[in-house]
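Next up: the structures, one after another.
Below are two complexes that have chain A in common, paired first with chain B and then with chain C.
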Partner chain A sequence: MSNAADKTKNFSFILPALIIFSIFWIYPFFYTIFLSFFKGDAISNLEFVGFLNFKEILFNDKAWWRSIYNAAFITFFALTFQNILAFCLALGVDKSIRAKNFYRVVFFILPILSEIIVGLLMREILISDPGIFNQWLKKVGLGFLARDWFSKENVLLTTAIVHSWKGFGWAFVIFLAGLQTIPEQLYEAARIDGANAFRTFLSITLPLLMPVVALIIILTISGTMQAFAMILALTRGAGGLTEVPTMRIYNHLRLGQVGFSCAEGLILGVILVFVSGTVGLISKKIRERWGVL
Partner chain B sequence: MLYFNSFIKEGVIMSFLKLILVLILSFYGCTTKPSTKEKKIVIWHWMNDREEAFNELANRYREKTGITVVFKLFSPPDIYSQKIIAAARAGNLPDIFGILGEKKTFASFIKAGHILSLNNYMYENSNNWFNKFYPQTIKVVMFEKNNIYGIEEGIYAVPLDTTIMQFIYNKTLFKKAGIDLNPPQTFEEFIEVSKNIKEKLNVAGFASGWAESWLLNCLATEWAINIMGEEKFLKTIESKIPYTDPDWIKVFELFEKIRDSGILMPNIITTINKEAEDIFSKNKAAFSFNGTWAINVYKQLSSDLDYDFFSLPKAEPKNPIKIWGGAGTYFMVNAKSENKEEAVKFLKWLTEEEQQIFLIEKTNNLPAVRGCEDKLPEKMKKLLFNLENLTHPNIWKYNEDSRVIEIINTGLQQIILGIKDAKSLASEIQKEKERITLKNE
Partner chain C sequence: MYYKVKKIIILILLHTFLISVALSCIFPLIWMLNVSFKTENEFREDFGLQLLKKINLDNYKTVLLKGKLGYNFVNSVIYTFITVLLIVFISSLAGYAFSRFEFPFKNFIFFVFRMAMFIPLPAGFVPVYILLNKLQLVNRTGYVLAMTNMGLSLSIYLLKTFFDQLPKDLEDAARIDGCNRLQIWWNVGLPLVAPALAVVVIFNALNVWNEFVLASLMFTDEKLMPLQVGLMEFYNRNIIAHTLLMASLAIAALPIILLYLKMQKQIIKGLTAGALVG
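Let's turn to the complex of A and B:
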C-alpha cells in the first residue's frame, strides 16, 4: 500500500474522534474566545467591544474578585483538610485492617452522589431551624459547637467543610491507588534494616507518593475553583458571601450577558492554567533537585 | 494484522459505508413530513402545576377543531429559559413559547424576527381581542411608540394570567396571638405585629425566599415608589436623581429596620421561595411576600391554611402605593412558524372566558381577561381591585442597567446579613451607575 493510502487509512481511524472533539471542544472553545469580545445576548445583538469585558471584570468588578477569594478559600480548605483526611484514610485502608473493602466502598460513595443532592441534604441537616445537626451535637455533649451554620460569620466555612466532606472520597481513591503501586519489597527491606513505622513512612511512602500528591494538588485546585452545583444548592451564594466564579458566569449567562460571561470563563480558565502550571513547575523543580515530588 | 489489512483491501469498509448511507437515506425517507395536511401546534412551557390543565385544554381544542396541540413541559424555569434561548439561536423555536426574563430579552427575540406582531389580530373587529384583557395585564406585553429598544409599537404576546406581588398574613397565627384580623397598614404596624406574634407564638414574623434577590428588588421597588413616587423613581433610572438621595436611603433603611427588629425567619438570605412557601404554609411565619401564584402553591401544600393577601404596609402613610404586577405568564407566536395562523387562533380560543374559567378553577391563577370575576373565590376577587395600582418594569419607559440591579439586589441581601448599611449601599450603587453612564456616553 502506498504511503498516502496508508496515511489516509490511519487518518480514517481517528476521524470520528476528531469530528466529535472538534464539534464539542475545539469549536466551543474558539467560539467562547470570539464571544468574549462582544457585548449582547447573541439572540439579536452582538456589539464588538474589544477588551472591554476583560477590563470591566479585572478592574471594575469587586464582586468577581470576592468570588475568586471565596473559591480560593474553599480550595485552600480542600487542599489541606480534605486531602490530609483522604491521605490518612487511604493509609489506614491500605494496611491489612479488618473490613478494609467495606471502608473503601463507604468512602467512595460520597463522590458518586450528585452535588445537588449533597447540597440539599446538608442544607436540611445544618439549617438552624430546627437544626438536626445542632440537636445531635447537643445530644452527644458537644452543644458548645452548635451554631447558626449559615450566619455571615460561618457560611463560607460551612461551605468549605461540606465541599471537602463531599470531595475527600476521590482523593482517597487516588491516594490509595498510589499507595498500592509502592513495591512491598521496599517495606520488607526497611523492616530488615530496623526502620520503625515513622521512618518507613518518611523515607519510602512519602517520597514515592509525591507524584500522586502533585497530581491531587492540581486536580483539587482545578476542581474546587470550578465548584458550582453543591454551593448553589447549599447556600445560593448567600448575598455574595459564598458566591464563586462559576456561579457568576451562570448568572450572567442567564441574564443574557453572553460576552461578559464568556470573558469571565476565560479569565477563570487562565487563572486555573496559571496556578496548575505553577504547581506542576514547582513539582518538577523539586523532583529534579531532591528527587521527590 | 494481516487479516485486518486484507479486510480493508477487500473493501469491506466501503461496503459498510455504503450500507450506512443507504440506512441514512431510508431513515430520512421515513421521517420526512407525512403527506397528510394534519396541523399540529407545538407549545413549550415551564409550568409544572398547569401541565394537566393544559393537556385537558389541548384535548378539548382537538375535539373542537381537529387540530392537535402539544404542550411540552421543560422544567425548572432556569432550564426552560436556557432551552428557549438556545432554540432561538439555532432557529428551531416551537410554534408557541414563553420567555422568562427582562424586557430587553423579549425585545431581542423580536429584533431577531422570532416573535410575531399581534397588532392585526388584537385590533381587528374594533379591537375585539385587545379589549378583553385587563389594561394593566396587556401593557406588560406591549411596546410603546419610540421605546428605548427600537421595537415597532405593538403587542407581541398573549397574556394567560395576571400576577400581583402582595403581602400575605396568616390568620390562624393572628387568632392564636389574639390580634385583630386586620392586616397592618403601615410599616411600623407591620414590624410591631410581627414582633408581637413572634414573641407570643415563637414563630418567625416574616418568611420569604430572599435567596432569590428579585423578590427583594420587587419589595424595594414598591417601597421606593411609596416613599418618592413613581416619577422620582423613574428619574433615578434616567440618572436625573442619584441613588444617594435621602429618599433612596430611607428605602434601604427600611431593610435595616426589618433586620434589626428580628422578625425575619432564620437564614432568609439562603432560602428560596419554594422553601419559604413551605414554611408559611406550615404556620411557621406570620407574614410573607409572594406572588398570587401562591394561592395554588398553598392549596397544594396545606389545604386548610387560613391566610389572606394585603397591600404593601406603607412606609409613607400619606403617599399612594404601586404594586408590582401585570401579566404573569404570556405566550408568543413564532414568526417563522408555518402554523402561525393556527397558533394565533389557538391563543384566541385559550383566552376566551370559558377556557380562562377552566384555568382559574384548575390552577387558581388570576385571569388575564375580563368577565370571569363572578367565578373567582372571594380571596382572588379582592385582588382584582388593586389592578389600577399595578406597575412593572416592562411598562416603564426606562429600565435600570442589569449591573446596577445586581448591585442593588446583592446590597439588599448584605444589609439583611448585617455586612452593609443603607448609606454605603446607596453610594456604591450611585458610583456604579455613574461609571456605567459615563461608559455608555
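Let's turn to the complex of A and C:
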C-alpha cells in the first residue's frame, strides 16, 4: 500500500469530526465576527454598518452595562459565598471517611439537575404568593428573614443566592478532590513538629491547594458570567433587574437584531478571556513566590 | 478528658453544619415530590408542608396525557440518545486517529479542536441558529448535529489522552492477524478505552438532557420540544397550577436523580473529569 493512500485512510478517521466541527464551530466563529459589523436578521436582510454595533453597545447602551453589572454581582457572590462555603464543606468532609460519600452524593444533586428545573422550583418556593419559603422560615424560627424575595431591592440578591446554592456542589467536589491529593505524610510531619491545626492549614493545605483555587475561580467566572437559563426560569430578567448579558444576546436574536447579538457576544467573550487570563497570571505569580508547583 | 469533650463538641457542630446544608439541598426536592401527589385544594390548605396521606397520580396523568409533556420526555430521550451515540462514534474515531496515526496537519487540527474548549463564545448559538436557518435545518436533525458538535472537542481530547496512555501491543498483534484499521479501532481500541467512554457518555448525556438555549430557539412545535423547553412552555401557560407544575418538574427530575443515585460514583467522576479537562 502506498504511503499517500495510507495517509488518506488515516485522515478519514477524523473526517466526520472535522466536518461537523467546521460547520458548527469554525464557520460560526468567523461568522460571528463578520455579522457583528452588520444590521438585520441575517436571513432576509443584512446591511453593513461598520463599528456601529460596538459603538452603540460600549458607549450608549446602559442596559448592556447593567446586565454586565448584574452578572458581575452574581459572579462576585458565587466567588465569595459559594466558594468559601464549598471550601469549608470540603474541609469538614475531608477527614471523616464514613460521612464522605453521603455528603458528596447529597451536595452534588443540584449540579446534575437542569437549570430550568431548579429555576422553576425555586421560583415556586420563593414567590410571595403563597410565599412558601417564608412559611418555612417561620416554622424554624427564622421568621425575621422572611421577605418579598422578588421585590426590586431583593431580586438580584435572590438570584445570586439561588445560583450559588445550585452551583456550590461543583466547587465542593473539586475542592474535595484537591484535598485528597495532599499526602497524609505532610500532615503527620506537621503534627510531629508541633504545628496546630491553624498553622497546618496555612502552611500545608492552602499553598498546596492554590492551583485548585485558581481553577475554581476561573471556572466560576466563566460559568457565572454566561449563566442564563436558570435566571430566565427564576425571574425572567425581572424587567432588567436580573437581566444578564447572555439573556440580552438571546433576546436580540429573537428580535432579529442578529448583528447586535454577535457584537454583544464578542464583547463578553473578550471580557471573559481577559479576566480569566488575568486570574491565571496572578495565580502563577503567587505560586512562584510561594515556591509551590 | 477535656480534650475529648472538646473534640466531640467540634464534631457535633461540624455535622450540624454539614447536615443543615445537606437538608437545604434535599428539602425542596422532597417538597416538590410531596406537592406533586396532592390536589390543588389540598395544596391550598397546607402549602405542601404536611406529608401526603395517599399517593395520588392524577397530576402525573394530566401533564403526561393531556399536556404535551409526554412528547417532550420521549423527545429528550431520543435527542440525548442519538446525540451521545454520534459523539461516541465520531470522537472515538478521531481520538484514536490523533493518538495512533500520522496524517497531514495533524498537530494543527488537534490544536484547533483544543482551542474550541478554551475560547468562550457566549453568542455561539446565534450564528449556529442563522446557519441552520439557511441550510433549512431548523428541525430535529439540525438540533442533534449542533448538539453533537458541542460535545466533540472535549470528548476527542479525553479519548486521545486516554489512548495515549495505552500500550500499542494489542493493536500490533491484531494488525499482524490481518485486521484493518477500522476493525482494530472497533475490536481492540474501543474496549480498551471503555472507562473514558463512560465519562464521555455521562458528561454529554447530561449536557444534552439539560440543554435549553438552542432547543428553545429551534423548536416552535410543542410536540418536537425536548423536556427543558416543554417545562418552560408549560409554566408560561399554567402559572397558577402549582401541583401540576410540581408533577411536571418531578417527571423531569426523577429519572436523573434515580440514575444519579444508582451510578453516583461514575457520574461525579465523569462530570468532574469533563469539567477539569475543559
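What we mean here is this: the second predicted complex is superposed on the first by the 268 of 293 C-alpha atoms of A that agree within 3 Å, B and C clash if a C-alpha of one lies under 4 Å from a C-alpha of the other, contacts with A are read in each partner's own complex, and residues count from 1 in each chain.
Basically, a contact is a pair of C-beta atoms (placed from the backbone, for glycine too) under 8 Å apart; a residue touches a chain by one contact, two chains touch by 3 or more.
The structure displayed is predicted, hence computed values, not measured ones.
Taken together through their common chain A, the two structures put chain B and chain C in a clash.
Legend: residue contacts after superposition of the two complexes on their common chain; A:45 is shown touching chain B, with no touch to chain C.
In the superposed pair of complexes, A:239 makes contact with chain B only, with no contact to chain C.
When the shared chain is aligned, no partner comes close enough to touch A:94: not chain B, not chain C. In the superposition on chain A, A:9 contacts both chain B and chain C. When the shared chain is aligned, chain B comes close enough to touch A:152, but chain C does not. More residues of chain A lie in contact with C than with the other chain of the pair chain B and chain C. In the superposition on chain A, contact is made by A:269 with chain C only, not with chain B.
Within chain A, the residues touching chain B in one complex and chain C in the other are 9, 42-43, 254.
Residues 7, 9-11, 13-14, 16-18, 20-21, 23-29, 31-32, 35, 42-43, 85, 88-89, 92-93, 99, 101-117, 120-122, 124-125, 130, 132, 135-136, 139, 165, 169-170, 173-174, 177, 215, 219, 222, 225-226, 228-229, 232-233, 245-246, 249-250, 253-254, 258, 261-262, 264-266, 268-269, 272-273 of chain A are the ones that touch chain C when the two sit in their complex.
The touching residues of chain C, when paired with chain A in their complex, are 14-15, 17-18, 21-22, 24-26, 28-29, 31-32, 44, 47-49, 89-91, 93-94, 96-98, 101-104, 109, 112-113, 116, 119-131, 133-134, 145-146, 148-150, 152-153, 156, 181, 185, 206, 209-210, 212-213, 217, 228, 231-232, 235, 242, 245-246, 249, 252-253, 256-257, 260-261, 264, 267-268, 271-272, 275-276. Residue ranges on chain A touching chain B, taken from their complex, read 1, 9, 12, 41-45, 60, 63, 123, 127-129, 148, 150, 152, 155, 234-241, 254-257. Partner chain A is touched in their complex by these residues of chain B: 5, 8, 13, 78, 81-82, 85, 88-89, 101-102, 104-105, 108-112, 114, 211-212, 265-267, 269-270, 272, 402, 406-407, 410, 413-414, 416-419, 435.
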